[in-house]
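Below is one structure. I have some questions about it.
Chain naming follows the written order as A, B, C, D, E, F, G and H, and within any one chain the residues start at number 1.
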Amino acid sequence: TEDKKESDVDESSPVIQMFKCFQKQLDQRHDKYERIVKLNRDITIESKRAIFMLQRVTVAGDCSDIFQQVDEKLLAVEKTKFLEIAKEIEQEDPFQFLRAYSSGLQEYIEALSFNYFLKNNSLIKLEDVQARLSFKRESSEKTVDSASDGQVKDANPDIKDPIMDVKDTNLDNVKVTNTDGINCSEVPIEMDTTDSDLSVYIPNSEYILGVADLTGEMMRRAINSVGSGDLERPFEICSFLREIESAYSSLGNANREVNRKLHVLRQSLRKVETACYTLRVRGSEVPKHMLIDMISKTNIN
Amino acid sequence: TEDKKESDVDESSPVIQMFKCFQKQLDQRHDKYERIVKLNRDITIESKRAIFMLQRVTVAGDCSDIFQQVDEKLLAVEKTKFLEIAKEIEQEDPFQFLRAYSSGLQEYIEALSFNYFLKNNSLIKLEDVQARLSFKRESSEKTVDSASDGQVKDANPDIKDPIMDVKDTNLDNVKVTNTDGINCSEVPIEMDTTDSDLSVYIPNSEYILGVADLTGEMMRRAINSVGSGDLERPFEICSFLREIESAYSSLGNANREVNRKLHVLRQSLRKVETACYTLRVRGSEVPKHMLIDMISKTNIN
Amino acid sequence: MQHENNISQVFSDYQKYMEDEQQIREEIRTVVRELEQTAREILTQLQSVHQTNGIKSVSSICDKCVPMFETVREKMASLNSKIPVNQYYRYNDQWRFSLQRLAFLSAYLTYLQSETLVTRESVAQIIGVKVDRQDGFHIDLDDYLMGLLQLASELSRLAVNAVTAGDYGRPMKIAKFVAELDSGFRLLNLKNDSLRKRFDGLKYDLKKVEEVVYDLTIRGLKPAE
Amino acid sequence: MQHENNISQVFSDYQKYMEDEQQIREEIRTVVRELEQTAREILTQLQSVHQTNGIKSVSSICDKCVPMFETVREKMASLNSKIPVNQYYRYNDQWRFSLQRLAFLSAYLTYLQSETLVTRESVAQIIGVKVDRQDGFHIDLDDYLMGLLQLASELSRLAVNAVTAGDYGRPMKIAKFVAELDSGFRLLNLKNDSLRKRFDGLKYDLKKVEEVVYDLTIRGLKPAE
Amino acid sequence: MQHENNISQVFSDYQKYMEDEQQIREEIRTVVRELEQTAREILTQLQSVHQTNGIKSVSSICDKCVPMFETVREKMASLNSKIPVNQYYRYNDQWRFSLQRLAFLSAYLTYLQSETLVTRESVAQIIGVKVDRQDGFHIDLDDYLMGLLQLASELSRLAVNAVTAGDYGRPMKIAKFVAELDSGFRLLNLKNDSLRKRFDGLKYDLKKVEEVVYDLTIRGLKPAE
Amino acid sequence: MQHENNISQVFSDYQKYMEDEQQIREEIRTVVRELEQTAREILTQLQSVHQTNGIKSVSSICDKCVPMFETVREKMASLNSKIPVNQYYRYNDQWRFSLQRLAFLSAYLTYLQSETLVTRESVAQIIGVKVDRQDGFHIDLDDYLMGLLQLASELSRLAVNAVTAGDYGRPMKIAKFVAELDSGFRLLNLKNDSLRKRFDGLKYDLKKVEEVVYDLTIRGLKPAE
Amino acid sequence: MQHENNISQVFSDYQKYMEDEQQIREEIRTVVRELEQTAREILTQLQSVHQTNGIKSVSSICDKCVPMFETVREKMASLNSKIPVNQYYRYNDQWRFSLQRLAFLSAYLTYLQSETLVTRESVAQIIGVKVDRQDGFHIDLDDYLMGLLQLASELSRLAVNAVTAGDYGRPMKIAKFVAELDSGFRLLNLKNDSLRKRFDGLKYDLKKVEEVVYDLTIRGLKPAE
Amino acid sequence: MQHENNISQVFSDYQKYMEDEQQIREEIRTVVRELEQTAREILTQLQSVHQTNGIKSVSSICDKCVPMFETVREKMASLNSKIPVNQYYRYNDQWRFSLQRLAFLSAYLTYLQSETLVTRESVAQIIGVKVDRQDGFHIDLDDYLMGLLQLASELSRLAVNAVTAGDYGRPMKIAKFVAELDSGFRLLNLKNDSLRKRFDGLKYDLKKVEEVVYDLTIRGLKPAE
């Protein structure tokens, strides 16, 4: 083994040069992944907080400022965190880093669709969600004339135009400058991108998983409604949940994650059905004359 | 339930005021936790990279620049990431947020102690690690005269003074300004802190867990040594690992995490013992005269 | 050999560290067990309001409980003395559950006495701890909140049993109180922890109480306010 | 009802999305199975170098393999045609293992032919894929590296069997080659993934080869260089 | 060499054998997937009785389901034709779950039509299988019973929703029916398997239904029998 | 060789030892299976009180059960005879569940007969075992208490069904009884075991019964005491 | 009532059905236990080749084993008689492991006797089963192959111990044999099951044997072929 | 009221019973912890034979251990005194693991002293317990066997380290000893328990030792017998 020393790391060896290049590529990718993971955590937290805010909405109170706050919060998440992710994964296969931000994306979809349901009593469409995560490029030389197809069609006026200008974020475009003449970037970053917008692509499966989580919030909302005296909401929600449950159930070959969430969805539906049952069975007890009597009494108070 | 409306959220109610205060406190705490978690991820990654660099050290090559790079990397982690954590947990019970940075701390201890072992052939002491995570306060009015007891006593000259000046970090001190006159901070932040240094406290148990991980790196080092023709290292490491194994084994009532790592440690020791066995049994095969013959031949090459 | 002594030193330090910890844990366990014993006695006392004539003797039941908290404060002082400075969170799994239970008992007693929501400051005073960590052994915000959630659950049961005992006014007041508590909790951004899980039950407590109020209302049994 | 249609639309879209995916997956599965069949045949061919007279007929063995890669390239073109643009990483679990295996086979063949390390570009060319994602169906850096690690393992076995077959020069060259590969890999910062796990085995391969060199050296069997 | 041919023979036989088996498994999978699709459609149909006006259109809902079972029988015949003689138990993990589901659907349909318990013979007839193993593709007793337990669970949900929809008579009949099922199952000495686990849920279903009956009774809503 | 014989001796001893143990386990299994059969029959009998006319024939139902316990005692004697001296705890996992079930049945029968709480002594007498370990095959306190918790659950169900059957007095008495059980259990400092887990269910049983009483009260259906 | 009888009939049928199955399972268990006893004895006998003088008495060791397979065949006939027609796959988990073990023993014996690979036909004959499913109780190809993989593992151990016992020729022959087995298995497209997992071990067995040959070669101990 | 006293009596009895049990458990825990401490010290001592010069000082290492078993016997006597008559199996989970460990240590010491297999009688004597259950605190056969399996594992490590330390004779003797242990265990029809699982490791220990012997043999390092 004496000749070991001869074969010691030879900095000029092509193999070593090649691996130095690999090292840079791997580190770049890992760093990017890590940055996305951090954005993902931020998105998760902000979306959860938006959901909490929405659970504070009561029929009786004045809720317009809550909705406004939520709209602002969601918009802020889109314009900062999601935009940053969009920049990170520009030119990448959208599925390559999906695992790094999937949980945040689902939580965001949960929040957004809950907000939408409370305002419109219906389910937000995937295209509308996707439109919110599609951004105009600030530095584009030519203006984008063709408006995206995915615009929210019957959106509440509270929801801002989903294609938003990106001005107040100060992310640098990551440029990989190659120090020693070898192309070490796994992916050439510099491309003509002036005519393409930035976006965070939402696979249909992520959307469906986010909507599954929405049903849990709907259940909470239904029970809260009983507590706060809104006796119609639970029936509306029950009917909505039944439709969603039925739609989920008729999916063939759904993946395991969907099935797991479907189980929770069914439990939520049972809870809402039981609440409706209780409302009905208790409501049935009042004879007409007593009800009139009761209402008049209440009015005196 | 008609009188429900009367009891709707009353913004001026003391209960609601109280809960608004709770809201701020909880959010502050969660935000702090989240910031620490992110620092923890950074520490983990940087420490892992330092370990990889150290595994590149070979006896034959010129390693002083690797050591220098590792020293710089560790110092950078301390002066930025750990210092930020120290600022976050200043005035807090050090155990309150430990879970948020425990994994990074252990990985850092693993890297630091590996570095130390390769230079000094011995185990770095807890006090020495602690000293590196203790910082002078930049803004302190009076200079800290009493040098910390925890200075590295027989440290390699490569290791910089562990009590380091904090100049090149630009963290603002988090000040909680109370907008509505109620003290909403769970912990009053403003205190006379001029005479106290900042530090990230290292519980002995974290140190022990970090050292347990070190043994895995030592095993890698031992096997690599055989591959690169350094036939003495494995025996040294074997002896060192046996001592550590014996020390771990004699701990009473060790916690589950220690026991899990001890299991891995034992496997590593077995691997190193087998490597030593192979060296010995093969080495035994050379008759004296052949060995001489062999050496002379090698010299010719 | 140089580093051998080094290693044994390291590990004997750690052995010492662990033994100290174990010692402290055992002392804590003993005090906590006594605390729980007292808490069980207070609870038994307070739960007698659910019994047939309990609702009529609320104030005498409360009077019996008050001195029992004296014992709580003594045990708490003893517990405090066991915990090294700045290590509350190292050991707090051991008393966390008991502290929540005591926060609940304080809140329940306070409600029965005055129909008001106990503050964290009052809880701290009643059970003999601090509010702020810096001041010594304290009660965490989370634990105080957990106690309030237990209170809501207990009150929803009380609303039912009050009706059984012929007290039709109490459910109305409980309903107002629990609704306010619910509004308060909804302001919080909870993590997916035990507090969140318990909070998820609050809406059912409120619903139950509302149903009792409804039952009384439709039968004209609601007393004039 | 307004939102009902809404909901059915959403879910029928998803049903469609899933069915498309399943369709693609099945097509991929079929091609990958054929690829694996070819890979197995190449491997069987290449492994015959371990057999008694194999070491002496390395070049004819290689010659037999070369045309088999033509089939690989055809299958690969077919595989490429199945994958929608920008969805490589949606499905790549299905072929990842096969791609690593093919990278290994290319690397092994290249080594046997020229005793050099195959580049990623060459692998790509041999098996008919691209190097860069943008250019089409490509081979990931990770998968190429995995192939190299499999090569190291195969070569350590070859060093042993070469000695058995009386070829004492080959182990020396293998040792140099594997040592350089090891130096290269040590430059990488690997995550705790399968690549890291496999890399952990590389040091044992190197150790084994060094032992063979040692055995030859002490017996004076090492040929003059 | 004699035994080398021998060896290759062994392995090429095996390759054939495995491919045949895989072929069979894939064919079964395809038919089972279609069966499940039909089962899902029947279920969606039957579950519409829970919806707001569903309880009033039970008979028309049933009418819509009846022809769908024709499809089931066709698929079942096709499934039967895929299974090699005597190998029912080799593959039955693939359809066991679907068979239980179909047993449940038959039982549910029968209950909605006539408020009676479907027999195993009827299930077999409805879904187009045999009762006895020796007569061909059959339904095992375990699978039939699993279907009945699923029925109990569905009926307890129906009792609740029937009341919501204003049908106060149905829960009484459901209660009687589920109580009888419960008595039947109690006689069995079940092993510790999935059937036992599912049976443990039956008592909750029964309790739920009894509570519905109670709620109606105490409010005088129970219709005269 | 001396120690070789030694070694075989060790292993043949062990073979014998294991076979003996297996023999005993199988004998126990057989008797326990018979015990469970009898227990199921008693339970079926006792559960008929939930049925439409059951509540009116409580005493005749009880009369039918009494002789069935004779069989229990016989089986128990047989079981006792299978257990080697001092090895109760070696095998008690095999009958523990059945013993708890029998304790429950004794407690239920006793309650139905006399509305009193069965003592451990009575349970022991009814099922033919000892109270004290040293006197022979005995029933552990844990198992007796587990039986009582099962009783509470059964009684909460009975309260509901009694109302359905028009018996408005029984729920009051059940409420009082279950409240006492609850107070009793609250005194205990339970470990975190299966008893504790089951005890957590007791408060739901109590709550349910209290709600039944509430329902009767608010509707003026509570009979004068 | 009509359907009530119906219900009890369903359940008493099921009780009967379950008891029958249990009976069959227990009978199978008994025979399998005896089979395993015999298999252990054969194994003990065959493993004595590893002992100091074992390698020299291979043929007499084989002779002792041959009659022991007579017992195997008897037990196998008995096992066969317990299985209801067409239900091989319902119960085969109970004997699968033993069958694989016996396939291994047959293969080992055959190798020791003639250094050839046993065919599935021979295995079937040696242990008294059929090759084809339709002819009766048979051995599946998977189980036969599993036996071969166990053989490879045993032979790699034998190669080591043969050298210890001074038999330098045997490892060469074993190496050749195991390499052929390896080539054979490599042709298969194995599913991800237990066979695949076990196959992954084959390469280590082969490597070990190759290293033994290497060790002999480098020391000039390899006998002339 | 009669039965109310009854109820409180039941629960205060139980409180007493639980406290007694807890008391016993804690006393056992304390003694077992001390036992384990001593066991750890003996192990540390015995494991020093693996260290560089350990193999040469086996007999002095053994001498140091002998008096440490005196402490074991004392602790064991103390443990025995804590266990109520006939309740060995109620608590034996608490010391089972330690007993196995001590059986291993006795076996290891005995082997190092005399290269013989310790008998269960000797283990019992060394650690101060009985062999037969009826004579008092005893060691079960399972626990003794578990100790022997730990010994095999330790000896395989010793064989390796002995060679490293230049002792080439020891591995031969270890190989013979472990082979005998293996033959013994092979006779047993082990249940699927922890003993079986551990036994599965024995064949790897044996293989390891055989390979050490092989390595020595092929290099001519095997000392003349």
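One rule holds for everything that comes next: contacts are C-beta pairs under 8 Å (C-beta built on N, C-alpha and C of every residue); 3 or more make two chains touch, one makes a residue touch a chain.
In this text the structure is predicted, and so the values were computed from the model without any measurement.
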Chain-contact steps, minimal, separating chain D from chain B: 1
Between B-H and A-D, the pair with more C-beta contacts: A-D
Repeated interface matching D-G, over half of the contact pairs identical, chosen among E-F, F-H or E-G: E-F
Where chain G and chain H are represented by their mean Cα positions, the distance between them in whole Å: 34
Whole-Å gap separating chain B and chain G, where each centre is the average of the chain's CA atoms: 52
Length of the line joining the C-alpha centres of chain C and chain F, rounded to whole Å: 34
Intercentroid distance (Cα basis), chain C paired with chain B, Å: 38
Numbers and ranges of chain D residues touching at least 2 other chains: 179, 187-190, 210, 214-215, 217, 219
Residues of chain A engaged with two or more neighbouring chains: 1, 4, 8-9, 30, 56, 228-229, 250, 252-253, 285, 298, 301
Pairs of chains satisfying the touch condition: A-B, A-C, A-D, A-E, B-C, B-D, B-H, C-F, D-G, E-F, E-G, F-H, G-H
Residue numbers on chain F that touch chain E, as the complex places them: 33, 36-37, 40, 43-44, 47, 50-51, 157, 160-161, 163-164, 212, 215-216, 219, 221
Contact set on chain A toward chain E in their complex: 239, 242, 246, 249-250, 252-253, 270, 273-274, 276-277, 280-281, 284-285
Complex contact set, residues of chain F against chain C: 179, 183, 186-187, 189, 207, 210-211, 213-214, 217-218
Residues of chain A defined as touching chain B within the complex: 1-5, 8-9, 30, 34, 37-38, 41, 45, 56, 58, 60-61, 228-229, 231, 295, 298-299, 301
Residues of chain F that touch chain H when the two form their complex: 2-4, 6-8, 10-15, 17-18, 22, 85-90, 116-117, 119-120, 133-134, 141, 145, 180-181, 183-185, 187-191
